[in-house]
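What follows is chain A paired twice: with chain B in the first complex and chain C in the second.
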Partner chain A sequence: MTTVARRKTPKSGTGSAGPGAVRRPGRAEVTRSPGEPRRLGWLYVLPALLVYGGFLLWPLVRGAQFSLYDWDGLGTAEWAGLSNYTGIWTDPALRGAFGHLLILVVFYAVLPCCIAFVLVAVMSRTKIRGLVFFRTVLFLPQVVAMVAVAVAWQWVYSADGPVNTVLGWLHDLGLPDWRRGWLGDFTFALPAVGLVGTWVGIGLALVLFLAGVQKIPRELYEAARIDGAGPVREFFAVTLPGLRRELAVALTLTTIMAIRNFDLIYMATAGGPGNSTKVPAYEVYNRTFNTGEVGLGCAIGITLAVLAFAATAGIGRLVEGKGA
Partner chain B sequence: MPTLMRRGAVATAVALVTALAAACAPGSSNDKPESKAPAAVSTDVAKAGNVTLTVWDQEVQGGLKEQIEKLNAQFQAKYPNVKINRVSRSFSDLQKTLRLALSGSNPPDVVEANQGYASMAQFVKAGMLLPMDSYDQVYGWKKRYPKGLLDLNSVTPDGKLIGSGNLYGVSLNGEIVGLYYNKEKLAKLGVQPPKTWAEFEQALATAKGKNEVPIAFGNLEKLPAMQLYGILQDGLTDKEAVRKLVFGSGGSWTDAPNVQAAQKLADWAKKGYFTKDSNSIKWDDTPVNFAKGQGVFMFGGTWWAPDLNDRMKEKVGFILPPAAQAGAPAATMGGESLPWSITAKSKHADVAAAYINFITSPAAMDVAVETGSLPVLAAPSKQPEAALMKEVSAAWAELSKNDGTTPYIDYTSPTFTDGFGGPLQELVAGKKSAEQVMKAAQDDYSAFQKKK
Partner chain C sequence: MSTRGERLVNHAVLAVFAVIAVFPMIGIVTQALRLPGLDFSTFGTAWREGHFATYLRNSVIVTSITVVVSATLSIMAGYALGTMRFRGATAVFLLFLAGLTIPTETIVVPLYFDLRSMGLDNTYAGLILPQVAMSVAFGTFWMRAYFRSVPRSLLEAARIDGASSWTTLWRVLVPIGRPAILTMLLLTTMWTWNEFLLPLVIINSDEALRTAPLGLSFFQGSHKTDYPLLMAGALIIAAPVVIVYVFLQRQFIAGMLSGAIKE
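Moving on, here comes the complex of A and B:
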């Protein structure tokens, strides 16, 4: 039904353009079943395909090839087989970097989604004045460039920045002195960077969930309330199942943001102190440009790409259910 | 539809495989550049026709920038047929972009390539820099420069040994890491500028007792702690041993004096002699904070002197790091600024060599003094005016007299900033012992020696 309708619409459109257009004998239309793409379609996508191939597929393939060589980026490369990939697991610094990535996924993806859920649950039950204002403010971090975010937070965490100022007041009130250089502290640098990611991620998750909540039928909430469900029960019985797809999208986007998190680390800590905030995406850059291990850098990059694909597929399966 | 898709996929795959086969292994082998016979070198720049010389340097800070701008203008005025296309980037930016620029097919003509195994040795190994020995026979750099300084800019063609082989660059300015002190604060504490470690530690304790920051120290980048370690190491070890160790011809980072140096650093950190949370403070912010009065002492390079002189005027002084024992000859890290090198693919190598000779001539040393820099060779007719620059220049002269400079520690291996600088941050934070840190340094070092 729909295909027929679609085919008819353009015809009637060209009809008005000129009488010749209607009678033109389309050979393809005779032999082709309706809706089947024509070879001419390739011409339409050619410009995009060239850009995509030249700037994405080709570098990806070359990257995969480089990852099989031992190369300093300058001289001749030597075939290395898969030793760069095994190197990722035997180098303790790189193993550590992947460990940090796992922790950051919690801060970048899991925490924002949880916090956004709480906010949405509250917002869906009560009417909040100035909702548009709050939504804008919470979404703002998504709009600001990550580099600017990093510089701003560097100041927030600095020795005499706002965080330490507030902790100084608390100290004056008799609490222990918690002031420190947050981004230079071996224990707290990673969580500090992670919290920046949480701050950035909440807005995205919240806007997605708010949009999703609006399409859940009001009747479901009414039914739940008639059945005597409290706010918690209502959330798990109505809101959460209704937001599955939005949750999958939010988790996928924020997880990928965590996996390719480079700019924030580069600007805020450069992987330090020691190796305590090194992440694989930063190591791709560090190994390629600073220490001259281009092959190893590419191997980490390819591993990250595979991880991102796996995470995308895995989250889709997990949250939306099989086959959805 | 499926057949069409499949055909498309097959075509793409075939195209990719063909392209890959054509592209072959990355970094196709470069032939080593041939050096010209000295007789074939043309020194007459005026006859070279219209030439655009592309020069990449890292002189972006106040006086240094002025120095290069002045020299470039003089060179272009002398040879109107040459146009200098100057590209300047900060030290760390230049380090990153130079690798890519040199491996391209159209590199700049003259570059400042850092000394050491992380930069110059790698470039030489890949055949990207031109050996300058035949130009030296024409221009006579070896007659003007002390051997120790030219050795820093010399590498064997296989990139395996710094200090011998061919000459690959000539430097413009001298630089050493010394001790800055705040004269006002010292007077208030009733302390004299220290000459020995014992006096220095006494001064540090006094400063700490009066609630001052004894040593201004920012170590976010890991390099500052490596410089501080190097100064302590120079006090405890013979300078020849340090040179051998850094250039990879003998010794071990776990040798007793090297561990003692790390232990001293750890002790000072533990006693609270450094700025609080130094691992979170940027290196560039250290002199700024020091000028504001945060810190009685500060270890730092002479490259900070022009800026500190502007900010602090008469309040700042500069001395060589105190000696471990009274009467011991002074030694500290340093040598010369980044060398100016010619790229192997430069089309105007003769003009480039003439340019490098021009900016390192005795007249250029006068320009260095005028713009507040420390010239690598004594300036023939100018004397520094500012008090701080006089002290810097005296320290440099004393060190040159007894050949007291040792190479920067980050020359050791391409990964040393992470391999040693990272653990040093942990040492400063009190998370690792001196033995553990020096073992980490030795591990990185021996891994590199094996690969080399």
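Moving on, here comes the complex of A and C:
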């Protein structure tokens, strides 16, 4: 499958980017050609490095610096040490925001992967007709601007929207009346936002797993059959281990999506009602521009960068294991 | 080996989830165009009242400059890191790699204050420069992978023919690397077009410079629950990327799934 084949190109690149131990025998070939000035490489790298350094790395450094001060954005800043970071844990609203992030990770990452796994297990490994079409449609939520997605889902959850319409029918059938303004409800707003993430993530996980299953050698399944494995055993013994790499990719991408979900929260709930959908990504903005706590906002931002880095570095290792 | 029943289950599962995936989008289109009657009046109202012509123009300007500049810089940097050996190359590569995981949320606050003191808030440059920086991190990483995969013999052949490293890059490697470059262009286009937080913070007073997603958020502010109108706005800002995606989905998907190699 093209998707997978393409993905591998950069992967092998990354692998050998490290200490280079694996590639050492081939190193002589990669050396500069004779007559190539030693510093030429720098000339090619420099323009990109300057913009990157000036507008990404430098703000990162400045953010770390700001996070150590108490500053309202206007007056003079006062040294605060690490108090903004400890503030993240002592301020109940912020602790709550990180708690919400944890819940959203379940909705954005864990749930889509579980659902996609069940679907892949149910589906047999036959050639799927119209796979390109299904892949295109399932992946569509990934490319639509989150701002537009937010508007669409506000309608889905609105008082007269499709969710309440269906619940209205169920009510007519004798079930209790479950209709409500979902995004304005203290209990249900967060799960409602989470389900939008689930919706975005399922397609991604499914596309990845479908591609992965096709790569698992047929003989493994035949061997499992001969050993008398049922469909469940077969799934846990063959399919699940075979999809480790895809699972790691899906979990990483969706977790990052959960961490960076400012757009959806800002558009759909603005953290409300009350604090019930406040998340760190939104609090970076909120604390800086609404409550004038710039240092705190930057501390949350740096914490998010650490979390995003830990997620990318950690999930792969966790899922694929050291030997894989 | 595969019975009819199995095949049916497969397609039923995929069909159900395909419907779920497009359901909100169908909502957008049916409401915006008042289907099945096809009435463009809501669409027209949204277009006029939302000033979307201006916002789309801004998005086109910001996106095209960001994409062209970042692609040029990424190709050059990726070329050096992928084919040349020089002191500090590995360190530079790791530096770019680190940038792949940094969320916009982390840098947007310092960017706001520093760009403001440089007089770059409420300017195209204030939107373009940070987005070039974000795109260059991925682009360099992506292009380096491509240049590493180019057979060494090709580079040597070009050199024997007397081509300089510059000519080799633009005349030999870039033309044959079109698929990899196309994927990079598509992804940076999508990211830049859809970016919301940065314009929200940087374009804080000059309405005439708002990008399309930012325009939609202000449009929502003034038409709270008028869903047909809001849906028309959502359709306007999402359509350009979606149309390109439908035609080039393979490149999009390949690139986006590669985003996970940020190990």
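Just so it is clear, the second predicted complex is superposed on the first by the 272 of 324 C-alpha atoms of A that agree within 3 Å, B and C clash if a C-alpha of one lies under 4 Å from a C-alpha of the other, contacts with A are read in each partner's own complex, and residues count from 1 in each chain.
Going forward, a residue touches a chain if its C-beta (ideal position, glycine included) is under 8 Å from a C-beta of that chain, and two chains touch if they have at least 3 such contacts.
Quick caveat, the model's predicted, so the values are computed rather than measured.
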By residue count, is chain A touched more by chain B or by chain C? C
Could you look at A:270 and tell me whether it touches chain B, chain C, both or neither (first, second, both, neither)? first
Using the touch definition from the top, say if A:257 reaches chain B (first), chain C (second), both or neither. neither
For A:121, is the partner it touches chain B (first), chain C (second), both, or none of the two (neither)? neither
With the two complexes superposed on chain A, say which partner A:62 touches: chain B (first), chain C (second), both, or neither. both
Touching A:147, do we find chain B (first), chain C (second), both, or neither? second
So, A:111: does it touch chain B (first), chain C (second), both, or neither? neither
Check the residue A:88 against both partner chains and state whether it touches chain B (first), chain C (second), both, or neither. neither
Determine, under the contact definition given at the top, whether A:192 touches first (chain B), second (chain C), both, or neither. neither
Looking at A:158, would you say it contacts chain B, chain C, both, or neither? Reply first, second, both or neither. both
Enumerate the residues of chain A that count as touching chain B in its complex and touching chain C in the other. 36, 39, 42, 57-58, 62, 65-66, 73, 158, 289, 294
Residue ranges of chain C touching chain A (in the complex, touch as defined): 1-2, 6-7, 9-11, 13-14, 17-18, 20-25, 27-28, 31, 73-74, 76-77, 79-90, 92-114, 129-130, 132-134, 136-137, 139-142, 144-146, 148-149, 152, 155-156, 159, 165, 180, 183, 190, 193-194, 196-197, 200-201, 212-213, 216-217, 220, 225, 227, 230-231, 233-235, 237-238, 241-242, 245-246, 249-250, 252-263
Give every residue of chain A touching chain B within the complex, in rising order. 36-37, 39, 42, 57-58, 61-62, 65-66, 69, 71-77, 79, 93, 157-159, 180-186, 269-270, 272-275, 286, 289-292, 294
Which residues of chain B touch chain A in the complex? 1, 4, 8, 16, 19-20, 23, 25-30, 95-96, 99-100, 102-103, 118, 122-123, 125-128, 219-222, 276-281, 414-415, 417-418, 422-423, 425-426, 429, 431
Flag every residue of chain A that touches chain C in the complex, lowest number first. 2-3, 6-7, 9-14, 17, 20, 29-33, 36, 38-45, 47-49, 51-52, 54-60, 62-63, 65-66, 73, 119, 122-124, 126-130, 132, 134-149, 151-156, 158, 162, 199, 202-204, 206-208, 248-249, 252-253, 256, 259-260, 262-263, 266-267, 280-281, 284-285, 288-289, 294, 297-298, 300-302, 304-305, 308-309, 312-313, 316
